[in-house]
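Shared chain: chain A. Partners: chain B in the first complex, chain C in the second.
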Partner chain A sequence: MWDYITERHAQLLYQSYQHLSLVIQCVLLATVLAVALAVFVHRNPRVVALAGGVSAIGLTIPSFALLGLLIPIAGIGTATSVIAVTFYATLPILRNAVVGLAGVDNSLIESARGMGMGAIRTLLRIELPLAWPVILAGVRVSAQMSMGIAAIAAYVLGPGLGSFIFTGLTQIGGANALNSALVGTLGVVLLALVLDALLLLAGRLTTSRGIRA
Partner chain B sequence: MSVLDTKPPAGIADAKAAAASLASSQHRRPSLGLMIGQPLSVVVVLAAWAIWRSQAELDSIEQRQLDWGLLGRLTVEHLKLTVVATVIVLAVAVPLGIALTRPRLRRAAPIVVAVANAGQAAPVIGLIVLLAIWLGFGFWTAILALCLYAILPVLRNTIVGLQGVDRTLVEAGRGMGMSNRSVLGRIELPLAVPVIMAGIRTALVLVVGTATLATFIDAGGLGSLITTGIRLLRYPVLISGAILVAALALLIDWAGRVLEEITRPRGLG
Partner chain C sequence: MPESTTETTGVDIELIDVVKRYPGQKRAAVESLSLHIPAGEIVMFVGPSGCGKTTSLKMINRLIEPTSGTIRIGGEEVGRQHDDDLRRRIGYVIQGGSLFPHMTVTQNIALVPGLLGWDRRRTAERVDELLELVGLDPARYRNRYPRELSGGQQQRVGVARGLAADPPVILMDEPFGAVDPITRQRLQDELLSIQEELRKTIVCVTHDFDEAVKLGDRILILTEGAKIAQYDVPEAILANPADRFVADFVGAGAALKQLTLSRVSEIELGRRTVGEIGAKAADVLRAAQAADDDCIVVLDAKRRPVNWLWTRDLLDLDRIPAPRDDTDLVTIDRRATLNDALDLMLVSSHGSAVVTGRRDEYLGVVDFQAVLTRIQETHDEHNPTPEVVA
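Moving on, here comes the complex of A and B:
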């Protein structure tokens, strides 16, 4: 296996980079989308149940089915995997962001208002910072999920390490099938660990000092 | 609930568990929309699809792939994968979870959960392919992969559910002269049922979705429509497969929800 890795280290590095970059970009996009949606949901209590339902139903739909539905629209390749990964990444963050915003103590918001803060400043300086740890927990769930979905998306020629897994599948019986599948799988696990560590670090740096554990 | 969730999870796989506990800690009765609206809209979509299927002009390949008999067989295969894997997961994870909350093994519980968590971090498609290389293609390899993937939520929720039982109730049972077995069977398990059932529903949803990938190792299921549709670039086949898989997953999710409601002990409201 070591020979396999050294022989293909350029391709391996490139696909790892592609995998990580796909996941990071999609999760970033998903975070922005989810927080914006959550703020909207939070302001309109009537749609809270709807958001919960959409989130639950969305996560029920198998990723391979969504990839299938997207191909006629977005074609085979990167666009389809970006849309699919972003879709699934949005749902846990949305759920957590709604919970996090709802958990902010009302008296804090009242006092912010009393100090003369407007709605937007209250949101940016009080509500979002207080909800941030919960949102971040959602981001970490999303990141891990996205790693696996990005691997499946390699079947429709999305970028990333999934291609090694599918190469292993098509070459079963061949000399390098096991190496290929193993390298792809372990690579994804490794990237997931690295990304999670990065997110933890980012969490420490971005969590407001007053609520840091 | 928010108190529970504000603690950032410690390990990577704990993040997923946090999501699971988030889902399972919602003891609110599911809304009417979920209980009635969801299956109803699935049925409407399925009906619309069936009307399209019986009227659409398909070429010969599409006709063969979307033959009613074949569709029925694939659906049955998919259900078989789902049910067999879930039953095995139940048979393994619930007793294991019970064992890991007994005094003798209690210390091992965090280790076992950590191992199960670590397994969860692996991409499921990699797990399936690796198992297929090791054990060969086929139904039982797919079942093994599905079980490995779905065991964590049930195991974890069984442990959490049993640990969540109020100690004073257990003491009261003991005080009434109940044996360990009857305390477990008549107090602990009934009180833990809602949490365990939430884990089972999570497992069901994971399994029905992941069974879509079973087609890659010739274990059947509705996923084969999607792969065939992609390989032959036949959008009708592809989209039919995606719709059927999604509809099946949503119906299974709904069935799990109904099961959760039915099995909830009366006293817990």
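Moving on, here comes the complex of A and C:
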């Protein structure tokens, strides 16, 4: 397997970079979408419950099925992978963002408003920073999951290490089939660990010492 | 009313026919409340839960928008001002301090000055000044996070935050509800001494009538729908509850509560024959007999009371002796409350206490009769004519 890696290290590095890049961008996009959505819904208890339900059901949709559904709309290629990965990435973040924002003590919000902070300022300076540790936990779950989904998204010829896995699977019995699938899989796991470590670090740097666990 | 020791920095507040009606509710939360809150006073809103006292408070800074009516602060109508601008000029302190846990003490206090665009240096100086004012060492506490403070300290920072931009009006919602009784008492005393210095207009909601009596220059007692049951100085409410509801709310021992309102200095002190240490016993005895006193107060060279002596003991003496160590003399400062005075008298075998003034100098004595007379007087002052209450 070592030979397999050294022979293809340029391609491997490139696809790893592509994979990581796809996941990071999709998770970023998902974070923005989920937090924005959560900001709108978290005050309404019924919509909060609905968001939790949608998030849970959404995660049960097999990723293969979703990709299949997307192909007629978005075609084959990067766009479809981005849509699929972002869709799944959004769900855990949405759930956590809603829980996190709803968990901010009402008296703190009232206190902020009572001091003359507007709704937007209160959101940015009080609610989001306080909900941040919970949101970030959602981001970490989402990033891990997206690593796997991104690999499957290679089925529609999206970028990333998934291509190694599918190559291996289609050539089962062939000389390098096992190596190919194994390298793809291990690469995804490795990237996932690296990304999680980065998120952990980012969490420490962006969470106030006053609310750090 | 309180004698101003410093200039009043507060402004008055006027509520005119203020109504708050929530959609879908039969009864209005606040049915036409009209009220004048004088500048520089502490007005306590009390009443049973659900009476609309908090709603009334929050309409002043428009956290709750009145359905109708007018509220003026310092003559300016609040409804015509941008709500955020308005609130930045009104201090707001709520239960437990409600500090933002992700911000340091400094950041919490500096919030409103920041919103008002103060420069960094002025804000930093202000933060230290306020921490001193509420009794927290700035060097030690300014960079702490709320969770690194005790409940009482958090509440102190909460008060400092309310005072940050030096607002003329401060609204407090059950400010000391979340701390233990001993800390609460200390925070109340501190608030009173801060108020003595600043003379803001403070509106404070509480459910604790004793707190209202202690802190309030005036007390507003509300019943359901924020109808005014009584609005008066604490002495008057205690002496003369407007109706059954107020009487029940005041609770048992209204007369006793009144004792904490009066100071020993308000009482006409009794005279006793005095004798300095070393004076001729026979002279003092003659004076005592002339005044019909059965005991005398022994003073030292600086006129500080040191002992009681029965006149019958004087018969055997040549000169007034220095006191033995186990003297049963009790002294009390003229600024003490009548409550404290009674407490002391109960433990004194003479049924009275010696009152001292500046540098512990002898002023006179106070006895049970004097305290009772004072209670009677207060009662009469606030009962000019007996009223029939429906």
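Just so it is clear, the second predicted complex is superposed on the first by the 209 of 213 C-alpha atoms of A that agree within 3 Å, B and C clash if a C-alpha of one lies under 4 Å from a C-alpha of the other, contacts with A are read in each partner's own complex, and residues count from 1 in each chain.
Definition applied: contacts are C-beta pairs under 8 Å (C-beta built on N, C-alpha and C of every residue); 3 or more make two chains touch, one makes a residue touch a chain.
Since the model is a prediction, treat every value here as computed from it, not as a measurement.
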Touch check for A:V39: first (chain B), second (chain C), both, or neither?
neither
Mind working out whether A:D196 is in touch with chain B, chain C, both or neither, as first, second, both or neither?
first
Considering only the touch criterion stated at the top, classify A:I83 as touching first (chain B), second (chain C), both, or neither.
neither
Once the structures are superposed on A, label A:M115 by its partner contacts, choosing first (chain B), second (chain C), both or neither.
second
Looking at A:V54 after the superposition, I want to know if it touches chain B, chain C, both of them or none. Which is it: first, second, both, neither?
neither
If you stack the two complexes on chain A, which partner ends up touching A:L29: first (chain B), second (chain C), both, or neither?
neither
Count the residues of chain A touched by chain B and by chain C, then name the partner with the higher count.
B
Take the contacts of chain A with chain B and those with chain C, and give the residues found in both.
none
Within their complex, state which residues of chain A touch chain B.
49-50, 53, 56-57, 59-69, 71-72, 76, 92, 95-96, 99-100, 102-103, 133-134, 136-138, 140-141, 143-145, 147-148, 151-152, 155-156, 162, 165-166, 168-169, 172, 177-178, 181-182, 184-185, 188-189, 192-193, 196-197, 200, 203, 213
Using the touch rule from the top, collect the residues of chain B that touch chain A in their complex.
1-3, 5-9, 12-13, 15-16, 18-19, 22-23, 31, 33-34, 38, 121-127, 129-130, 132-133, 205, 208-210, 212-213, 216-217, 223, 226-227, 229-230, 235, 238-239, 241-243, 245-246, 249-250, 253
Using the touch definition up top, name the residues of chain C that touch chain A in the complex.
61, 63, 83-89, 92, 94-96, 98, 100-104, 111-112, 115, 145-147, 161, 171
In the complex formed with chain C, which residues of chain A make contact?
105, 107-108, 110-118, 126, 129-130, 208-211
